[in-house]
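Below: a set of structures, written as structure tokens.
Here chain A shows up in two complexes: once beside chain B, once beside chain C.
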Partner chain A sequence: MNWMHGAWAVFEKDVRLELRSRYAINMLLMFVLAALLLVLFALGQTPVSARVQAAVLWIVILFSGAVGLGRSFISEEERGTVLLLQLNTHGSMVYAGKLLFNFVLVLVLNLVAVAAFVVLLSVAVPLPGLLLTTLGLGALGLAGATTLLAAIIARTANRGPLLPVLLFPLLVPLLLSVVSATRAALPGGAGWAGAQDELLTLVGFAGVVITASVLLFDYVWND
Partner chain B sequence: MNAPSTRKPAIDLRRYRFVRAAVGVWMTGVIGFAFLRDIPSLEILEHTARNLYFHVPMWFTMMAAVIVAAYHSARYLATDDPVRDVRAEQAARVGFVFGLLGILTGIVWARFTWYVGQGIWWNFDPRQTMVAVFLLIYGAYFTLRSSIDEPTRRARVAAVYNLFAAATMPFLTYVVPRQMPSLHPGAEGSPAFSETDLAPVMRPIFYAAIIGFIVLFWVIYTQRVRTALLEEELEENPL
Partner chain C sequence: MKPKTIIGLVVMLGFAALLFLNFGEQVGGYMDFAQAEATGAKAHVVGQWVKAEHFRYDPAQNVFSFYMEDEVGQRRLVHYDNPKPPNFEDAEQLVVEGYAKEGAFVAEHILVKCPSKYNDTRALETSL
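After this line comes the complex of A and B, so read on.
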């Protein structure tokens, strides 16, 4: 089987399964909306600085990602389809397919979270292009780091709650860059010129985690 | 019947004991000089400058431990040799303790120099925070290890996580600290000490302390590896 074809087949399978049950997407969206509303209730009428706004947005996104993305390999173990995938595809195809699926999921999640955030907190966004670039690069780094860790936790005994523990320390560089880049896109921010370093760091981070994942994935997958 | 031990000691024990004794003498000398030798007195810094001999070598040692742990994790994935897994774990454990000591010496030092009169113990200094993240990563590594019972699977998964974490560590040590203001020397560019950061009189003791702490790490680490291997052997063939 040709590589692109195999990776796309894994992606397509995941999308079809997701559309059948809509479990992951519903859970992620509910989580984001519930968390944002909780933050709003906690803040009340207090005006919040751009820094806090960006921090709140990304903390909510990271937590919902850590809750929702861990499913991607556990579900294979639960359905007993791991052997089937191992027989029919190469490890890197599975990784690429899952990475693409998780990336799309995080991207949708990010867009919904930002839309809710802009409406609910009534934030003005003078530079929507910069915000979208940040969201895209942040989603790539988040999906890249989470996909390998999801494969790792599918191998552990009590699968669920371990993912945030493994994930959050690794995401600190991503969180710092993404928060300052988001702040640059909000009113009073530094704009494109001020976010250059952060965007480059995000590109580097996504590149590093995806490269490392491609190299390491086979060792987790072919147990 | 007890099966006789088949594992030969990996190193010459006499030479090993010599190194252990030498590091004891060496560190005694370093500590003595560190506390007793005259140093230039600077305002605010005063005698706390002596902490340089302890605080900074902790980081060198922790970085050495991180490299040793990552190296053995990589070798484990390449060879499937269980000894590599034991080595990676013990290097991470000893490195974690050195990191903890480094952060404690740093907190106390900062409290009585940078934040004197303000009563702050912890501030958002990038290096301080990044090192806290290092400790979190190793905490996650130990948690991951304890969540898997089957030894080969545990070794493999832990090695993958360790290498994955090691791949993101350059961001913590090199990229992010340069994007943020810091009170640490080297925040302006190169992380090394410049000519003005370190008085000439302090250099020899500082370098001796770095060497001493790294060798001390090596002694503790190999000792722990030997203990872990013996424990494993005892579990298989109880006396």
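After this line comes the complex of A and C, so read on.
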């Protein structure tokens, strides 16, 4: 109960800070809109296969996520509030709070990206349930992988470009599965039966990344 | 070791097994058309192009459709979301990778097996 309370307090603090500065939200929205508009102008009337549509969607989500998600721990370092958190809370509460915040952020980002994608590129989605499940599981895996890495790179000198570099190799299984599962939800796709393996892979990926992070976070967090 | 570490490692192993087993399954095994239709999952089907049946490429949809007969003689319409692969006419064997849908087969990749121009036994015999 106490633990839940602490994690929720960290989450609530991050949400409040985000709503005041709107740093991450503005950056993510700008990135999603700019990238999708670019795709839209570049394609014009050219028909694009569903596989390419799925890949474009996840390229946009991945890059905007890689840019915006590193903020969670870097901002603590910049404001000098790390010591305060270390003194007042336990590492696992900080991790859980930040993970929840990043998850919510990625989920919002995913929903905005998909809504913009469906409207701007006029994509038909015959299986919205499958697409939403894929987005949720993808967000969980992305947030899980990013949170630990963000905590690691917050301590380094070159904070900015390091997160994408470390993140991409780790995300390869997630990206392959998520694009394939999104493809299955679009017209002419394999549907639920065809996306079963992909969805289970996503559950496995999120599980591995989050359990590994829970085990390793104390070593990163405590000097 | 602390109990937290042990539980964590066990949970991680479980998820890792789930990840790797299903990541491998995504490619799909080799089967014939009937089996692919029964499972609905990703599959590789080996067969030959039925040249007697019609085939066509729809440029607006970017779909190439043709009939293929698998190794046990079942004939299905195959849709492929790309133009006709090069060397398609020369192929002695095709491997389509995809899934069954509404009586047809949707191929995501086509492997075209062509006779090798370096192992032409007839040419070898005549030259001897």
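The criterion applied here is as follows: the second predicted complex is superposed on the first by the 222 of 223 C-alpha atoms of A that agree within 3 Å, B and C clash if a C-alpha of one lies under 4 Å from a C-alpha of the other, contacts with A are read in each partner's own complex, and residues count from 1 in each chain.
Note that a contact is a pair of C-beta atoms (placed from the backbone, for glycine too) under 8 Å apart; a residue touches a chain by one contact, two chains touch by 3 or more.
Quick caveat: nothing in here was measured; it's all calculated off a predicted structure.
Shared-chain residue A:Ala124: touches no atom of chain B or chain C. Legend: residue contacts after superposition of the two complexes on their common chain; A:Phe205 is shown touching both chain B and chain C. Contacts of A:Arg51 after superposition on the shared chain: chain C is touched, whereas chain B is not. After overlaying the two complexes on the shared chain, residue contacts for A:Pro173 are found with chain B and with chain C alike. In the superposition on chain A, A:Leu83 contacts neither chain B nor chain C.
Looking at the shared chain after the overlay, A:Leu19 reaches neither chain B nor chain C.
Of the two partner chains placed around the shared chain by superposition, chain B and chain C are both touched by A:Asp197. The contact surfaces that chain B and chain C form on chain A in the two complexes overlap at residues 173, 176-177, 180, 197-198, 201, 204-205, 208, 211-212. Interface residues of chain C, counted against chain A in their complex, comprise 4-5, 8-9, 11-12, 14-23, 25-26, 39-42, 60-62, 79, 81-82, 99, 101, 106, 108. Contact residues on chain B toward chain A in their complex (touch as defined above): 77, 130, 133, 136-137, 139-140, 143-144, 147-149, 153, 156-157, 159-161, 163-165, 167-168, 170-172, 175-176, 179-180.
On the chain A side of its complex with chain C, the touching residues are 47, 49-51, 173, 176-177, 180, 188, 190-191, 193-194, 196-198, 200-201, 203-208, 211-212, 214-215.
Only residues 145, 148-149, 152, 155-158, 162, 165-166, 168-170, 172-173, 176-177, 180, 197-198, 201, 204-205, 208-209, 211-213, 216, 219-220, 223 of chain A touch chain B when the two sit together in their complex.
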